[in-house]
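Pasting the structures in now, so scroll down.
Next, two complexes with chain A in common: one pairs it with chain B, the other with chain C.
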Partner chain A sequence: MNKAGTDIQFAICGSAGDGTIAAGDIMKRAAAAMGFHVIAFDVYPPEIRGFGKCISRIRVSSEQAYSLKEQTDVFVSLNDGHAIPHVGEVRDCGAVIYDDHLIAPVPEGGHISAHVRPAQIPYGLPIRQVSEQATNSARSRNIVVLGYVAGLLDMPPEPFHKVVNQKFATKPPAVAEANIKAFDAGFEVGRKVFRLDDVEVGSAPEADRGEAVMMTGNGAIARGFLEAGIQSYFGYPITPATSIMERLAVELPKAGGRFLQTEDEISAISATIGAGFAGSRAATATSGPGLALMTEMLGLGVMAEVPAVIVCSQRGGPSTGLPTKTEQSDLNLAVFGGSGDAPRIVIAPTNVEGCYRCAGMAFEIAEAFQVPVILLIDLYLSNRYETVFPSGRNVFAPKPRQAPERREGEEYKRFALTESHISPRALPGDPDMMYTATGLEHNELGKPGDVLHMKMNAKRHEKLKPATRYPGLTTCKRFGAEGKVDVGILGWGSTFGEILEAMFEAQEEGISCSAMKVVMLSPLPEEELRAFFDDCEVVLVPELNYQGQFANLVSGALGRPVVRLDRTCATPMAVADILAEVRRLASDVNEPAHAAAGGGA
Partner chain B sequence: MAAPLHHVIIGSGSAGFGAAKTLREGDPDCRITMFTMDGIPFYHRYELPEIFRGRTDWRDLLAVPPSFYDEHRINLRRRCRVVDVDGAAHTVSLAHQETVPFDSLLVAAGGRAYLPENLTGQADLIHGFGSFEAAMKVYRDLPKGGSVIMIGGDMIGIDLLLTLLSTGYSVTLIVNAQTFWPHELSAGERAPLLDVLRNKGVRVIENARPVGISARNAGAPARQVALDDGTEVGGDVVMAFCGLASSVEFMLRADVDIERGLLVTPELRTTNEAIWAAGDVCQIWHDGDKAYKFYHGWKNVRVMGELAARNIQGAHEPFDVDVEDSIWVGEDGEIHSTFWTRET
Partner chain C sequence: MNERVEPVYLEEKLEEIRADGHLRYRSRSLPTWCPGCGYFSMADGLTVALNRLGLDNKDVVVVSGIGCASRFPFFVNTYGFHTLHGRVLPVATGVKIGNDALTVIAVGGDGDAFAIGAGHIPHAARRNVDMTYLVFDNGIYGLTKGQTSPTSALGFRTSSTPYENGDMPLNPLLMLLSYEASWVGQAYAGRPHHLTDMITMAIEHKGFSFLRILSPCVTFDKTDNTYRNLGMKVRDIPEDHDPSDRLAAMALAMEEDHPALGLFYREDRDTLGEVMQDAARKAQAMNLAPKGL
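What follows is the complex of A and B.
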């Protein structure tokens, strides 16, 4: 759905090496510098191959948007072979921009102009020629076309110049100069074009939340960790989590912390649990296959009540699966994975700002509840860019630790059964508070034994319950209409953006509906969920997995039925799919006879 | 099963559009590709003066909605310039380096405004009016209530001239041999028509030839036209309406006969068996006059497009519709012309 004011989705499509992602990056940063809200998502080829299709999609809006749009307003082809299958995503009266002076002959249909629909607006320019004339090289085709778009849409060149200069700041000055020349050359061509599209760039909203920063979900997590005073990071690279590790490899040593790339995921979590045991704010990040390897040590963390933070960015599975495609199919693994009853806290932010805030609080929560915390995101959120407004002061800095007090004459009970089920936690080195921490079941002192197994199990579960009300953390939140509604949409993780967009559209159509995001997946905020179910005639759960893992989790916990919308399409959920289902459910609610007769479509 | 025939059409004006529609009606299975340099789908060019009455959104000008092309499986390829036709290999080459094979080719590339030779060096100071984009540029460059210097004043130009007058602009008309083209008039026949224009406030200049145009950027008027009698005329925009020159430059290797336009038989076939032509681009053999003749104007042109399509699909119909050609001053004191009779 289009927002009021500016709401434009750009898509730039090319081959790896064309500078597609770089052009998209400049566009999103320039738009953010102009004061617009930005959501962007890049699709890369599988990194391992190093060639293939890249698409950078960027939504620029004057109002907050929650997902990418299904239709693109301005589409740029840097490689027709890759771009042709995507021309269909351009809306009527949207712009399709391409090179109309190819250097090699193509057979019929090989040029993108053959695929532009009559309602779309074609804009051809000699991209390569303009680049060569401006810079003596065809390498700046991506920047030429960016300038063309800016000129065509009457966007100011200055923010682009600034971002280009920043982007090439580490290179010799000639690089930035050449790219500015390329931009300006494209800008001049675009400025002179008679426009037939109806894409409008309005003025940016007044900035009232401070300076916007462009971040990916992974970047936001790294930033949140750093602000929270992370001290140790152990990791093994895996798509789509690697960029967290790359960022911390650079930043953490500068902040006085320790970074270690381990030989595999088992070592990574072992070291993380070890560091957590020693009182270090420690984290690791992986994806589903890595988390699967980590589950045994995760169980140790639960049993030994060790704080640690594990990021899991989901991708298509099982096994190697779809390494560069998004999915939400590791929920079961994150919530239940491992041997025995191993309760842990699982937090699933729904947007980039949420990644920043959840990462900022994850250590504190892990320490407060003495348990591993899993931050569960997915590739779409890992790689998606959004404008974030970080708070000016660091709100996540660790508070001074209170060492437990030991009563005179009493043995230190690391696992004491208390009213809050939280026991006093000593760190190695605290005087007179040595204890054994193992994976074995134990008594209050930590000594192995099965006598208290039932009580200790209860303790490990019960202590987590207050986590759903942890101050400062939004564990669930309802949006849209208050009170009784026909359709409730319940979502988690990155899909919640699409859910919100669908809900707003449904509301515009007059459908009585509201949406609830659940950020804390373990333990579940059951009370709020129950209230939501009580208010909704029917609850729809859209998610990106085949089994309906979240639907199962919620309906299992609450004993309430849900309607599932499960997709494993290797792309984010389509807003249209959710909306269609909401419409169907709303009409079933209002026309039960129609529903009983099997009507739907 | 044999592959469906591929009919390629160059041009999406009245002739090209009429042909595409007729081809589809005659054969539901054939492939139809229509190349055009236009940015928007088919519209009646005679409606362009309407821009000055506020119809500035191109979507309001379209003859059929864009969905028509999808529904009729006509592959409309805009902003595609044909640079070469290989008459032996039956291929069309586009400026962007794509080569497209055809079974039949219909050339309906129309014509562009003819510019007197002595002014070609100043073409960039002359506003065109042959397409929506060109017309919009005139509309945007002309200040409200501004003045136009019109060289020639063929029937296309006179139509615009009358619209400009009724929407608050002023016009200077520099008369030449093409004034009132395609009507062929003697000086005596032209005089009462020019009087009508004078009475409406048009400054009519006869007996002087424009010899140079210059831009005056520092303040109005923005253009200055020098005449061969030593005088100068000022205005905001200069336009030339001196009839049409056929667009045939890409047909030199097509193995077809060309004079000023593409020469075709009464059935609209060129000297190449697979290539046909229709509309302003072609000259049709007239057996009575023993000459190839142009038949300008959208009514002739549309009939040609449809006829060519039927003949491509096997008919043998000759072109014999030459709509009445007359221009007169009516009892209402206005100029009337068969050229301006519009589709209702």
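What follows is the complex of A and C.
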């Protein structure tokens, strides 16, 4: 998508241990400090130390962007072996930066300079030498090259200095000093070479929404939880959800909350449900394999009508699958997982800001509907950085609780059948309302005798219906052209960023199209979805799984056909793939004869 | 021998029971256990213990898993949570962390505790969660109508071991003693007064208290753990046993032919709640920056 003003994508590629991710981290924070919108995503190997490939990609723009760009403007290699396969992603007239003073001979074709296309602009510099001269060590290569890029693009050094100082604040002062020296040395070299005039960093837009904060999806969820007054957290480490736990391990005790690392995911969800039963705002976070273990207890939460919040950050599956690669293949598990008819609320934010807002609202929704709420994200959303503008006000703070009123002489009916299907909930400690919650089907008193299975089943399902219109939460939203369109793109989760980019590009090409994101996957906002289907000649559903899980969910619920675009490429979906499909569908709609001849979808 | 026995009149006895007050801990639901089940004396024991300790009904939560013993919360007039098979301890841990002011009592049978739930016991014990875990151990699965359990004896015949049980039974006391439980005791359903005293002591203990209660299953076990057999086997814990001596407690626990009834081991150490309060104090003092910015 062409944007007015600045829109640069920077990528740095190296081997684990080169400081690739650290350099990318400084770049994105410096850009955010300058006031730009930033989207960044790091790719790293599952091994902790070794020779795995790391890439940090950072898009810096003066207008809000929705995904990374297909093509990189400025690319840095810290390890040619890893970087060579990625040179192709640099656009024409884009910069390829590498070390041109090697310390050992390389085999033919082993140096990146042999792979730079004529249309790309090579920038060779003695990265290692500059690092050694500046800091007596080759370990600052990542920072040298960062300074070089800043010099090359005429970016001010001060924000970088500030971020370096912050990053190493807990280390001895010499560490930050050495890094600043390395940065300045690279900066000087970068300023002296000929300008990369095709790429320009303009000035940042005036911030009108308050101060931007850089955060990952996981960081945003932790922040949303804290602002919503989370009281207890139970977790078990699992990629890519672990950083939520690590953040809360630090922050929750500060806020007077309680944090526990449990012995497994079953224990984590059990304690979360137990704490929820006792009236505490409790949460846990996991990934697909952990959610699979949790489903039995999730069913108890549904049956006993206990509020709880469960984050599931999806990764490639099934089984251990691809722990460090993104996928959207746990939708079925989140929406349907468990025994029996067990309706729950599933909320899938589409960007980092959404993670923050949905996490902030999740407890209130769980309490309002007395049900477990699953926040379904994925590795791409967990780990990608975006600039977020937090509310600043205390919007997510818990509202005062109203204890149920007890009628004199009547036994308290915990599961009373009411018009709203929601029964006033007593908490342990409330006088004269002692009851036993159970996973057995029960009657209004909660007793497993004289059960009302049909009525209770209806209650558990019907009570959730108004959740799609819960005030303050966007459960679905349409973007692009209003009214009738040729192609509608329906999306969920992190893939919606790519969908929006593709939709805007298609619109610029003159294609009549519109996109809709669905944030609440269970219950589905069916009325809005029906209206969208009515407006679109054809609906495309791009998602990162093999089975088309969301397509199945929507077409099953609405009884309408959809065109699927399913990818399990272990990376975010390519905007070009979506765009190609939108073009094809648009031409099918406008030239039905061609479609008939071509066989259609 | 010819001394005249004073008659006990039902009406007077009922009055005495009502005046005692422990009936306010009974719920209106009648226990669903088989007539003669050892679990009745545990239900009585707990209600009497709650009454003795003067705990308010509203401040007590009885959490259970699945099984005959786990039906227990329905029969007491406190808050209750009848959860999933094997998950009583993590749920009870969550309840206690969720509201520290509550008295949390976890109950379950031997299958719930030592088969499906065995992985949770060491962690609840080593964390010293301030709660009481009552395990009603009859060495059989009653609710599913008589299969072998992890504490069934070698050679025991059940519907799932028609050719005799060949799995070594677990020693629950030895397990708990090595899991760092801070209070370990044993009682017998056939000695209700002692059982009541033990439940009272277990609830009074600050930290994780584990009470194994030997009980017969009158319906599915006519050969092994009967009142007659258990009654002949059990003995009082030796008077000179020092409950602060863990090795001695372990030696005693290994004398399985004659289970000793009483307090095996007790120690005072910080509970999970206290550790968490300490973490909150340290968090204030240290003001750690989170990883990343």
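Everything that follows uses one rule, which is that the second predicted complex is superposed on the first by the 587 of 601 C-alpha atoms of A that agree within 3 Å, B and C clash if a C-alpha of one lies under 4 Å from a C-alpha of the other, contacts with A are read in each partner's own complex, and residues count from 1 in each chain.
One rule holds in what follows: a contact is a pair of C-beta atoms (placed from the backbone, for glycine too) under 8 Å apart; a residue touches a chain by one contact, two chains touch by 3 or more.
The structure displayed is predicted, hence computed values, not measured ones.
Visitor: In this superposed model, does chain C or chain B come into contact with more residues of chain A?
Guide: Counting contacted residues of chain A, the larger count belongs to C.
Visitor: Applying the document's definition of touch, where does A:247 land relative to chain B and chain C: first, second, both, or neither?
Guide: The answer is second: A:247 touches chain C but not chain B.
Visitor: Of the partners chain B and chain C, which touch A:324 in the superposed model: first, second, both, neither?
Guide: In the superposition, A:324 touches no partner, neither chain B nor chain C.
Visitor: Which partner chains sit in contact with A:274 here, chain B, chain C, both or neither? Use first/second/both/neither.
Guide: Only chain C is touched by A:274; chain B is not.
Visitor: Quick check for you: in the superposed arrangement, does A:101 touch first (chain B), second (chain C), both or neither?
Guide: First partner only, chain B.
Visitor: If you stack the two complexes on chain A, which partner ends up touching A:437: first (chain B), second (chain C), both, or neither?
Guide: So A:437 only meets chain C here.
Visitor: Which partner does A:122 contact after superposing on A: first (chain B), second (chain C), both, neither?
Guide: Touch partner of A:122: chain B, not chain C.
Visitor: Examine A:111 and indicate which partner it touches, taking first as chain B and second as chain C; both and neither are also allowed.
Guide: It touches chain B, and chain C stays clear.
Visitor: Identify the residues of chain A that lie in both the chain B contact region and the chain C contact region.
Guide: Of chain A, no residue contacts chain B in one complex and chain C in the other.
Visitor: Per the contact definition, I'd like the list of chain A residues that touch chain B in the complex.
Guide: Checking each residue of chain A against chain B gives 92-93, 99-111, 113-114, 116-119, 121-124, 194, 196.
Visitor: What part of chain B is in contact with chain A in the complex they form?
Guide: Its residues touching chain A are 39-41, 58-59, 66-70, 75-80, 94-101, 133, 136-137.
Visitor: Can you name the residues of chain A that touch chain C in the complex?
Guide: The touching residues are 25, 29, 166-167, 169-170, 214, 216, 219, 231-232, 234, 243, 246-247, 250-251, 253-254, 256, 258-260, 262-264, 266-268, 270-280, 282, 296-297, 300, 304, 427-440, 447-449.
Visitor: Can you list the residues on chain C that touch chain A in the complex?
Guide: Residue list for chain C touching chain A: 27, 29, 57-59, 61-63, 73-74, 77-84, 87, 90-99, 101-102, 119-120, 122-123, 127, 272, 276, 279-280, 282-284, 287-293.
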